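Note that subunit A is present in both complexes that follow, paired respectively with subunit B and with subunit C.
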Partner chain A sequence: MKNTLILGFAAILLWSACKSNSDKKALPIYGNREPVTKTVDGKQVTDTIYQTIPPFKFVNQYGDSVSNKTLNGDIYVVDFFFTTCPSICPIMHRNMLKVYETFKNTGHFKIISHTIDPKHDSVPVLKKYADKLGITGNTWWFLQGKKEDIYTIAEKNYLVAVKQDSSAAGGYIHAGYFVLIDKQKRIRGSYDGTDPKQVDQLIADIKTLQAEPDQMIVQ
Partner chain B sequence: MKWKLTGALTVLATILFIAACQSDENLEFKRYYSSGALVYQQHCQNCHGTSGEGLSALIPPLSDSSYLRKNLTTLPCYIKNGLKGQITIKGKTFDDAMPANDLSPVEIAQVLTYIGNSFGNKLNTIDEQSVQKGLAGCK
Partner chain C sequence: MKKLSVILLASLIFTACTGDKKQEKELLDKILKVHDKIMNKDDILMKNKMALDSLLKLPAKDTAEKTNMKAVELKLKAADEAMEIWMHKFDPDVMNNKPHDEIVKYYNDQQKAIMSVDSLMNAAVDESTKYLSSRSK
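Right after this comes the complex of A and B.
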C-alpha cells in the first residue's frame, strides 16, 4: 500500500515535471553553482546549490527597515540610482514605471531601487522622489543604507558596477541594469534599464517567472 | 519600363521644383531644426523624454507652448545656466533643479527651434541672434 502511494506520487511528480518543461522556456539561473551530494533514504542524490542574494538590511522611503527576509517569497527587480542623477536615471525610472504599472496589483512582487548616494538621498528625500514619481503603496521601495553595504551588494551580488567619480555627470558612474531575482533569491535575468525593448523583455520574463510551478521553489 | 522611367523622372522633377522654390527662411528653419534634434538627443532627451513628455512630477514636459512663448528671452539662460526654483508647466508645479548645459549660442538656438516646433509646439525659428540677446540679459 505504502509503495503504491510512493509510486503514484512519483508518477505525478514526473508528469508535472515533464509538463513544466514542455510548456514554456524556463529562464536561466545566473551566478556560480556547485553540486552537492547527499544521502537520502540510503541513496546518493546530487543536488545543485545556486548562488543566492545574501542577507541585507536597508531602510525604505517610509523609514521602515527592509531585509532579505522582508522579500521572502517575492519575485523582485533591483536597480541602482540617485535622485540628483542627470544622466541615465530618468530614463531608467521612466521605463521602470512601466514595470510598476504592470505588476503593482499582483502580489509577491517588488521593485527595489537602491540609492548609491545615501549621503544626499536621505529617507525624506527618497520619499519626496517617490511621491513625485507617483509611487504609492509597497510595490516599489527606494532603499537607503550604509554606502559600503550598497556598493558591495551591487557589485558582488547583483553584479552591477557602481563607482563614485567626480569627473562623471552627477559625480557617479553606474550601470543602468535591472536585475530580476526569483523567489529563491537567485538571479534570473539582467536587462538594460535604458532600453525600452529590454524592459519589455523583463516584463515578459517576470510573467514567466510568476508562472513557474511551485515545486521548483522548494530548495 | 518606359513608363516607370517617365514616372520616376516626373517625381524627381517635382521634388527639385519644390526644393528650388523653398524660401531661404524655410531652409534656415530646417537647418536649425535638424541640428536641434541632435542637440536634443544628446543633452535633453534623457530627462525630458523622446516625446518631450518629462517624467511624472519630477521633470516637466516641453509641450506647454504658452510657457515657452512667454519665456522666449529667458529660455537660453535656463539652458545655459540651469534652472532652480518653482515653475508651473501645464498647471502643475515643478521644483527640482535642471543642471546647466554648456552649449554655444547657435546650439541653444537650434535646440530651442527643435523644441519650439516639436511636441505640438509651433514657434517658428528661434535664431542665434535672439539667443544672443537673451543670453546678454541673463541674471
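Right after this comes the complex of A and C.
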C-alpha cells in the first residue's frame, strides 16, 4: 500500500514537472519565411526556411574584426546607438547592463551594439565608452563599420520584425530596440530598450532560448 | 521675527532655484525632442542616399540627369554632416555648475542650431524622396 502511494506520488510529481516544462511558450520566429519542398527517402517533405542574418563584418572596441562567423553558435542581442547620443542611448545601455550582468558568465551569449555614427565613434572612442560602462571581456562588443552597411543590415534584417508590427514609416534605428537572435541566426524577439519591463522580458526570453534544444546550427 | 525672515528668504531662494532648474530642463527636453525627430529622419536619409548612390553608379545615359542626381545626393550628404557636427559638439554636461543665465543662453543657441539642421534635413529628404519616386514611375 505504502509503496503504491509513493509510486503514485512520484508519477504525479513527474507529470507536473513535465507539464510545467511544456507550458513554457516557445518564442516565435520573425522575418520572412518560405516553404521548400524536398524529397527525403522518396517522400515529399515541406520544410520552412526562415530568414537569417546574412554575412557581415565589423570591428569591435578592441580593434578585432567581428563577423557573422564569430557569432556562430551564440545567442545574441543587437542594438543601435552612438556615444554622443544625449537622449535615449544612456537609458538603453543602463538597461542593457542588466542583461550583461545576468549573462556575462554563461558562454555562447553576446551583446553587440552598433554605432550609427562611425565617423565619430572610432575604435578608441568605443573602447573608452565601454570602459566607462565597466564592460570588460568579450561578452559585449561595440561595433564600428561603414554607415551604409549598418543601416542596410538594420533595415533589411534586424529590424524587419519591428517593421512588421508597426505601421509608421521609417525611424527604427534610433527607436531604441533590442533584437534577440538565436543560435541559428533567426530573429526571435524585439524589445523597447528604454523600458525596464520589456528588458526583463528579454532576459526571460534569453533563458527560454538557452533551454531550447540545439537544432542544426547554420554555419 | 528675524528667524522667520531668514526662513522666508531661504524658501524664496529655494523656489527661485527650482524654477530655474525647471526652465533649464524644459529647454533641454525641447532640444532632445528635435534631436530624436532628426535621428528618425536619418533612416530615410540613409535609405535615399543609398538609392541615389546605386543610381549614380550606373553608366551615364544622360549627363544633365546625372548632374541633377548628384546635386540631390550632395544635399543629403550636407544635411547628414550638419547633424553630425551638431551632435558631436552638443554636450549638456559642459554647462554643469554654470550660472542659470549662461545655461539658458547655451540651450537657446543650441535650439536655434538644431532647428536649422532640422529644416536642412527636411528639405533634403523631401527633395530626394520626390526625386526618387518620380524616377520609379
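Operating definition for what follows: the second predicted complex is superposed on the first by the 178 of 219 C-alpha atoms of A that agree within 3 Å, B and C clash if a C-alpha of one lies under 4 Å from a C-alpha of the other, contacts with A are read in each partner's own complex, and residues count from 1 in each chain.
What we mean here is this: contacts are C-beta pairs under 8 Å (C-beta built on N, C-alpha and C of every residue); 3 or more make two chains touch, one makes a residue touch a chain.
Everything numeric here is computed off the predicted structure, so don't read it as measured data.
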Examine A:Tyr172 and indicate which partner it touches, taking first as subunit B and second as subunit C; both and neither are also allowed. second
Once chain A of both complexes is superposed, is A:Asp182 in touch with subunit B (first), subunit C (second), both, or neither? neither
Tell me the contact category for A:Ser87 with respect to subunit B and subunit C: first, second, both or neither. both
For A:Asp79, is the partner it touches subunit B (first), subunit C (second), both, or none of the two (neither)? neither
Partner chain in contact with A:Asp117 - subunit B first, subunit C second, else both or neither: second
Check whether A:Lys147 is in contact with subunit B, with subunit C, with both or with neither, and answer first, second, both or neither. second
Look at A:Glu155 in the shared chain and tell me whether it touches subunit B only, subunit C only, both, or neither; answer first, second, both or neither. second
Which partner, subunit B or subunit C, touches the larger number of subunit A residues? C
Between subunit B (first) and subunit C (second), which, if any, makes contact with A:Leu97: first, second, both or neither? first
Could you tell me if A:Asp192 is touching subunit B, subunit C, both of them or neither one (first, second, both, neither)? neither
Under the contact definition given at the top, report the residues of subunit A touching subunit B in one complex and subunit C in the other. 84, 86-88, 169
Residue numbers on subunit B that touch subunit A, as the complex places them: 46-47, 49, 55-59, 96-97, 99
Residue numbers on subunit A that touch subunit C, as the complex places them: 82, 84-88, 116-117, 119-120, 147-148, 151-152, 155, 169-175
Taking the touch rule as given, give the residues of subunit C at its contact with subunit A in the complex, in rising order. 32, 35-36, 39-44, 46-47, 49-50, 53, 84, 87-88, 90-92
Contact set on subunit A toward subunit B in their complex: 84, 86-88, 90-91, 93-94, 97, 129, 131-134, 169
